[in-house]
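Look at the two complexes coming up: chain A is in both, with chain B in one and chain C in the other.
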Partner chain A sequence: MSIEIQSIAKQFGSFTALDKVNLKVETGELLALLGPSGCGKTTLLRIIAGLETPDSGQILFHGEDATDTHVRERQVGFVFQHYALFRHMTVFENVAFGLRVRPKHTRPNNTEIKRRVHELLNLVQLDWLADRYPAQLSGGQRQRIALARALAVEPKVLLLDEPFGALDTKVRKELRRWLKRLHEEVHVTSVFVTHDQEEALEVADRVVVMNKGRIEQVGTPEQVYDTPATPFVYQFLGDVNLFHSRVHGGFAQVGEHPVAGDGAVAYVRPHDIELLREPAPQTLAAKIDHVRAIGSIVRLELSLENGDPVEAELSRDAYAGQRYASGERVYIRPRSARVFAEDYAI
Partner chain B sequence: MQAVSTTAVRSAATQEAVWVRWLLLTGALLFLGFFLVLPLVSIFAEALRKGWALYWEALKEPDALSALQLTLTVTLISVPINLVFGVAAAWAIAKFDFKGKSLLITLIDLPFSVSPVVAGLIYVLIFGAQGWLGPWLQAHDIKIIFAVPGIVLATMFVTFPFIARELIPLMEAQGTEEEQAAMVLGASGWQTFWKITLPNIKWGLLYGVILCNARAMGEFGAVSVVSGHIRGMTNTTPLHVEILYNEYNFVASFACASILALLALVTLVAKTWVEWQTERQMAAERAAVYES
Partner chain C sequence: MRFKQPSVLPGFNLAFGYTIVYLSLLVLIPLSALVIKTTSLSLAEFWQVVSSERVVAAYQLTFGASLIAAVINLFAGLLVAWVLVRYSFPGKRIVDALVDLPFALPTAVAGIALTTLYAPNGLIGEQLAKLGIQVAFKPLGVVVALTFIGLPFVVRTVQPVLQDLEAELEEAAACLGANRWQTFCKIIFPAALPALLTGFTLAFARAIGEYGSVIFIAGNIPLESEIVPLLIIGKLEQYDYAGATAIATVMLLISFVLILAINLIQWWHARRHGMRK
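Take a look at the complex of A and B:
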């Protein structure tokens, strides 16, 4: 089922959570709402679910206006950030809840409920936990049970609020892949909220980058990472070096992008910075302050002549060929850069 | 077992000198003994001073029996009503945001801050013969003041905060996420209340009911104002105790008091049991978390 969001606005007191947001979620896709805390992503998700009412604008489910449809009748599955499992019920009863509260004429009988619940518990690979209570589960297990519970009512849309936020790094990575696989299996239209760019880029079919109640860019993970539409998107998706044309003279002219005049800023990712031992045209002199090997990459912290810091990243192999040492003087130039006008609102 | 070993390990470095500990402990115990245990023992001692036969006689006396019956009736009416309204008020305050919420919280606390005598007088002013509704009630032959309805009203007023006060912090701590989850899954408001909210607050609720019950049985001030002290009619046990005492009928007075004291002791045991149950449940949950 597709979801259309038409100029949805929401105000909390004097704080604008959403500023006339428009978005279309295609049937069957896995969409990420990505942004810093307070950008309005969770509010948007809760408005889609019906847990929050927008001040203005419309929500269309499959082309039909659902703005005033009660949460109960929206047929959405919602996975809460802290799971909100029913603490006094076993895992089995948690998953069965959505079926048990149905009105009599649509409620499946007990054997059918049992079959469905075990099917779902098998889907999330936790059938052996059916008789446990939520408090007896680990974070990752609770997360998967919450998902099974949400899927039990056969929702048309699955909404997940920071689904991996409360888990440690290793479990998070596992669950990320697992969710991706699950989505390929179930193929229900899904929207999840995250502040973690890696998570959004890895899991989602499309990423919506949000900031201060507005959408900055919508696109596939490659699109938003490789061709960020705004400086905010550039900065939010990974580390970035800023070169102000006024300060660094001709530096912003490097690369294929023309300079937008004085006051332009070039954005260069650390792994797009090239290091040279000899001076060459269109390079900047820099001093290496620190060299840090972090897993598969080597991160170099440099400072320009005016003291501005620059970060560069090399692969282990590239570093092994050059062996830069801290204190060394080098010359840097960007392989690619994106130039935005200075006064662009960030 | 672990708890025992950790207390044993606690070093002298973090403790007061032995004599300080003994002094404080003895002081506390002496105080407790003098102000709590001694009066309690003396109630039973006084009641049984002239032997079991007289004690029994005093309890069997029709006025004493009718006082006890009235006390239980009033409790049985006011506690369930307070249960319903207490849960409703706590639910409204903890789960919803609305204008005047803080005013409602203050109002719930009002019976705690107002003297019970004033509480009784409020009802006399409203329902009494000279009160606002007095003439109308008289015209329709409805008796509230100096009758059972007045006693129930006064008791309800005084005991209202117990259940709501017990539940509000508990429900606020539990938040509304589970209710929202139930709603998204298609549960109606009624289903959500019975299947999610109520099971989550049951121990807190029972605790509130026990406290409310204890106070309802023992209430004196407010009831004294509205009851009219008609023997065998509108006398609750606490009022009956006072009447007997004023008549220098000490054995009978203390015998009736001992019944109230016994009820209080039963309440204490029940309260301790509920606390123990809640703690056990929480400990089980914690242990389970560590296990996994």
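Take a look at the complex of A and C:
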């Protein structure tokens, strides 16, 4: 089922959580709402769920206005950051809850409930925990149970609020891949909120980058990473170096982008910076301050002649061929850069 | 299992020793004195005292009325706590403070006030008398007094639990299609149940021992509205110390068994839900 968000606005006192947001979620896709805390992503998710009412605007579910539909009737599955499992119920009863509270005439009988719950527990690969209580499970297991519980009511939309936010890095990674596989299996329209760019880029079909109650960019993970629409997106998705053209006139042209006058800023990713030992046209002199090998990459911290810091990243192989040392003087050249007008910057 | 679990917290020996000494001085020694004094009676005499018609009737009234009062407080207390936690209204702080009043008020004052209200010529008693209900000087009066003094126990134990109940649980239930009533019965009530049981136990225990507020409203008619503590005082005034302690010992025993039973239920409940290992 598709979701259409039409100029949704929401104020909390004097704080604008959402500023006339428009968005369309396609049927069956896995969409990530990405942004720093306080950007309005959770509020938007809660408005879609019906847990929060917008001040103005409309929500359409499959073309039908659902703005005033109660949470109960929206048929959404919601997964909370802190699981919100019912502590006094077993895992089985937690998952069965949505089926047991149905009105009598639509409620499945006990054998049917049993079959469905075990089917879902198998889907999340935790059938063996059916008789345990939530307190006896690990964080990752709890979140998978929470997901099974949300899926039990056969929701038309699955909404996940920072689903992996409370878990440690290793479990997060596992669950990310697992969520992606699960989505391929059940294929329900899903929206998940995250502040972790890696998570959004890895899991989602499309990423919505939000900032200060507005949408900055919507696109596939490749689109938002490779061609950021705004300086904010550039900075939020990964590390970036800023070159002020006013300071080093002409430098921004190196990236083969026309410069929009004097007040322009070039954005260059650390892995797009090329290091040369000999001076060449259109390069800048720099001094290497630190060299750090981090896993598969080597990160170099440099400073320009005017003192501005620059970060560069090399692969292990590239570094092994050159063996740069700290204190050495080098010349840097960006392979690609993106230029934004100065006043547009953050 | 070892007696002392290894722990980073220092002072186990000191704290444990203090606890034992404190409990001994305040609880164990006086209570053993009670039992020892009782043994000055022969078994037959003891049995004669505690099985006399008047004493048995008093036991029935005290425990029966305490139980009824605690059950009433269980529901009324939950309701009051719910209102205080979930709604905001003008004067909420005052209502909140009013709940503690039965704690602070001298029980005799409470007893006289309740008697004045519920006596057949009192403000409420008059209206009830028209319906043929007499409260004061009847067992019903005892229940009213015990309900009054027990209310804060339930409210004050349940209130923090309701306060801490995550809103997400109710939101999750709503997303899963549960209506408000189902959410209350299946999510909120079970979450508050351990605290409710604690409050119930406290209210019940307090009611069993209550003296001051009851004697005024009860009328103290033997075999009808006479409570055990009053019987004990009566025996003491007649210098029948052994008889008084005999009645008290039986009361102590029944109270202990009842409270232990409730604690076991709580322990079993917590264990069943995996909250304790």
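Going forward, the second predicted complex is superposed on the first by the 345 of 346 C-alpha atoms of A that agree within 3 Å, B and C clash if a C-alpha of one lies under 4 Å from a C-alpha of the other, contacts with A are read in each partner's own complex, and residues count from 1 in each chain.
Please note the rule applied: a residue touches a chain if its C-beta (ideal position, glycine included) is under 8 Å from a C-beta of that chain, and two chains touch if they have at least 3 such contacts.
Since the model is a prediction, treat every value here as computed from it, not as a measurement.
In the superposed model, A:Arg116 makes contact with neither chain B nor chain C.
In the overlay built on the shared chain, the residue A:Val101 is in contact with chain B and with chain C.
Looking at the shared chain after the overlay, A:Ser138 reaches chain B, while chain C stays out of its contact range. Touch criterion not met for A:Arg338: it reaches neither chain B nor chain C. Touch criterion met: A:Phe86 reaches chain B and chain C at once.
In the superposition on chain A, contact of A:Arg149 is made with both chain B and chain C.
Once the two complexes are overlaid on chain A, the chain A residues touched by chain B in the first and by chain C in the second are 49, 51, 71-72, 76-78, 80, 82, 84, 86-88, 97-98, 101-102, 133, 135-136, 149-150, 152-153. Taken together, the chain A residues at the contact with chain B in this complex read 49-51, 71-72, 74, 76-78, 80, 82, 84-88, 97-98, 101-102, 133, 135-138, 141, 149-150, 152-153.
Residue ranges of chain A in contact with chain C, taken from their complex: 49, 51, 71-72, 76-78, 80, 82, 84, 86-88, 97-98, 101-102, 132-136, 149-150, 152-153. The residues of chain B lying in touch with chain A in their complex are 177-178, 180-188, 191, 195-196, 199-200, 285-286, 288-289, 291-292.
Against chain A, in their complex, chain C makes its touches with residues 166, 168-169, 171-179, 182, 186-187, 190-191, 193, 273-275.
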